[in-house]
């Protein structure tokens, strides 16, 4: 069923929901789902509304709806976004050698659990080519050399691919290279990473080794938006699994792969359905 | 902060939220929290709105708000309810010998986790008197004899106490007697039970023994509204805990007590905050 | 690292562990892992010991170890089994149209999370052929007709394949046909099924529809050994996931697929590593 | 049922279990439960055995058993400990104003979930006196002044009480003072703290505020042994609970109290049953 998804962020005050739902109802629009949140600390208001496309009059499509919303948006100083579920978001995956996250996302995509197009997977290694291509997805290998110039060239090539593919979202599916800060800052809320620890614990490298050394009793994974500061971006989703003293680092990694892929898949699905709204360095998630 | 909580159930159609929020905004009412759900199978719509009392004009209290809502309610064929957080709900607990649920609820009540008054605890045994009275709560012992006449007399006495105390909610906190059907049917959505299994598994007596015999790997608890059919009422909340082959029935009971009390406390809190709406034999919960 | 895995079930009495570990130590055997359980109800004792193969003298392999164990086994009336991790178990998967469990098991198998050989996948439909063959696994389509004679012929063919492939374990990875009772009873503890509910809740057909109707707040999955009585065999592993009133049957199925595949993968891995011992209609699991 | 619990730590080598179980079996000792772990990194071995007291000959009590073990212990360079379940451990609780952990532990103690004696609760405030004394436990108020001399005097008084009460274990049940390093280092593995975060995340003060600021999607609690380095001691148990953007700091605290008390109760119970063995700065837990 085709839906328009409207997400709004604005200063909280009386009458926002009445104005928006009044406008939608005035055009006969049927609301499938709606959720809202007022942040008492910052005074920001967050709203997500899913409208059944066919309930609006013929000829009243997303552009007309957007135009009708403009005066309301101006009145309430809204930042807003309108998605059309018929316009699937375009997702480019970046990966390295480990395949569990990529394989899981491609599986879910083929199983229609993720409403998006995946035009290509980019990796700095060749390992995943067979698996990716079997799913019918274009595979691009962009090795990243150790020297600054080689790095820069590689990321220019990646940026070129991303632009060419008109990616709406970039997913770092266990991509082991650090993105240039400018690449991140120019795409706020559009790059999603999966970190293999329960952040802020064990930020940085080798989190399972750190977890093993510290003797924690649960391990976790964190799906977050990427900012210029490594492992510090707004968290979308997290989860944990129980381990015990008998688990080696390799067993933590095995258990961890399961958490990573479910947390990443959940976070990405919510993002694709416009269920994640940025609130400073945190997120509002309407699952 | 004083709030009015409005809950609405009605046939789903265009304009419900616009009408209700428009009315509230028209009186300057500030919405603290709102949640909605449309059931696609039954075509029923569910809405819960929390309004900041002080945001409404002086002299525009719950009665005035209710009166203002009447035409809208009539137009949309709403079943609706308006709660005032200044009018705390009155909760009567029924218990037998086991104390973990009663002790937990009384602890939370004293710790201000449950916004309600608890005028009394009724039990068919004397065991809990000391603990209940230490919490400053009235304890009433109503033994229930085995013969029909004795049973009937006991439940007439209980009904008398419940009426005298003007109970809004009755909580069966591991009460081991079966209520008369008429007692249940006359209080739909107002009697809450905690069953010590993950229903519908192990309905009836001795669920931990049943779970042990069947060799399940998780046990659970279920908080539900009581209907005339035992263990068949609408489920409010459930949870599970992991067990293993080494756990005896006694250990299942120990682990189970923890699940029971957290599940009951959560279900009761949601009920007290008008977060649970009946939808046939299921519930809509806005946590 | 090559290991011998010894599993023992016998009447509980003094000296079992001393006798077994004494024998192993007497040959210089190094124990990597050991776990035991005494069932106080039945008086049965369960033991699992993992021995480092290289720690035993040259020429003292599994046969010699088995022979050395015989007098001890006779003394204590042991049922016992000795596995050699160099002899990988052979697993045949049975599936129908749904691919999530098969895809997950094949992924884990290729990722070396499951120590076994998978000689073939049998299905009553052609749908999974491409995916299975891409993993380098033989795919056999055995349609099952509705009439008794056709059914019998199909299961004779399946039995033939299973025998030909010398399967140690048969996994019903969402296989939608009911196996003939004789097929089950002749393979106790060797056929593993994944049921898409938290048994004993919602046994039988369409468990997610049943769960939706009942309005439960968690759904689950159960991995169990197959016996002649449908959905009644010994449970190996279970898990649950939270859902809410907003989830349709389709969403229960989506969430459920994730539980099903993790529960099945966990159960199968434990079985392959000889961590699951039968105890009447329940299991002892040494994870 | 009276049991002797033997815990052993020693360098791993062939024959440890055979020697210990052989000795026990040689005296007719019946083993109720046993668990072991070999740490491949450090080469240390850990063993816990529960022996039914009555299965040993008359006159062969804990002292005799200990004496019989000495040669084996010497041969394998064992650090070992023998507990008698008839000798209940003595637990002193330290608390401040928050009552949820103390109330929970005292409830469980009265419900026979914790096998120990609790001779007294020490607090730097008077708030908990009524609740503690109602449970029949001695309450000692030792205020801790801000100046070094006052602090020192307070901790000397506390140390005096602890010695006088012959405490085997000290539990910091949300005690808001920092213990002097010497107090900690002289009691390795004998002081248990509950920290209200999922360590190593949010060590230090106000972890729920930190968690709120960072926007994590789960909060947790950590039960650990206290060392001279704050929040850095060996972790005994941890757990997490899901939260969302709608939860205020106060709601994190409410949810957190439930995690704190279950994690602390579990950790303390395992400690009392000698299920926790120190392994450097981590623990081996045989639950």
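Think of it as A, B, C and D in the order they're written, each chain with its own count starting at 1.
One rule holds for everything that comes next: a residue touches a chain if its C-beta (ideal position, glycine included) is under 8 Å from a C-beta of that chain, and two chains touch if they have at least 3 such contacts.
Computed from a predicted model, the values in this text were never measured in an experiment.
Student: Taking each chain's centre as the mean of its C-alpha atoms, give the chain farthest from chain C.
Tutor: So the chain farthest away from chain C turns out to be B.
Student: Could you let me know which interface, B-C or A-B, is made of more C-beta pairs in contact?
Tutor: More C-beta contacts join the chains of B-C.
Student: I'd like the Å distance between the centres of chain A and chain B, where a centre is the mean of that chain's Cα atoms.
Tutor: Distance between chain centres, rounded to whole Å: 37 Å.
Student: Please compute the C-alpha centroid of chain B, do the same for chain C, then give the distance between them in whole Å.
Tutor: From the centre of chain B to the centre of chain C is 42 Å.
Student: Where in chain C do residues touch two or more of the other chains?
Tutor: Residues 33, 246.
Student: Going by the contact rule at the top, pick out the chain D residues touching chain A in the complex.
Tutor: Residue positions touching the partner: 37, 39-40, 198-202, 214-218, 220, 234-240, 244-246, 248, 279, 281-285.
Student: If you look only at chain A, which of its residues touch chain B in the complex?
Tutor: For chain A paired with chain B, touching residues are 14-15, 17-19, 21-22, 24-26, 28-36, 38, 55.
Student: Could you please specify the touching residues of chain A with respect to chain C in the complex?
Tutor: 33, 99-100, 103, 107, 111, 113, 134, 246, 254, 258, 262
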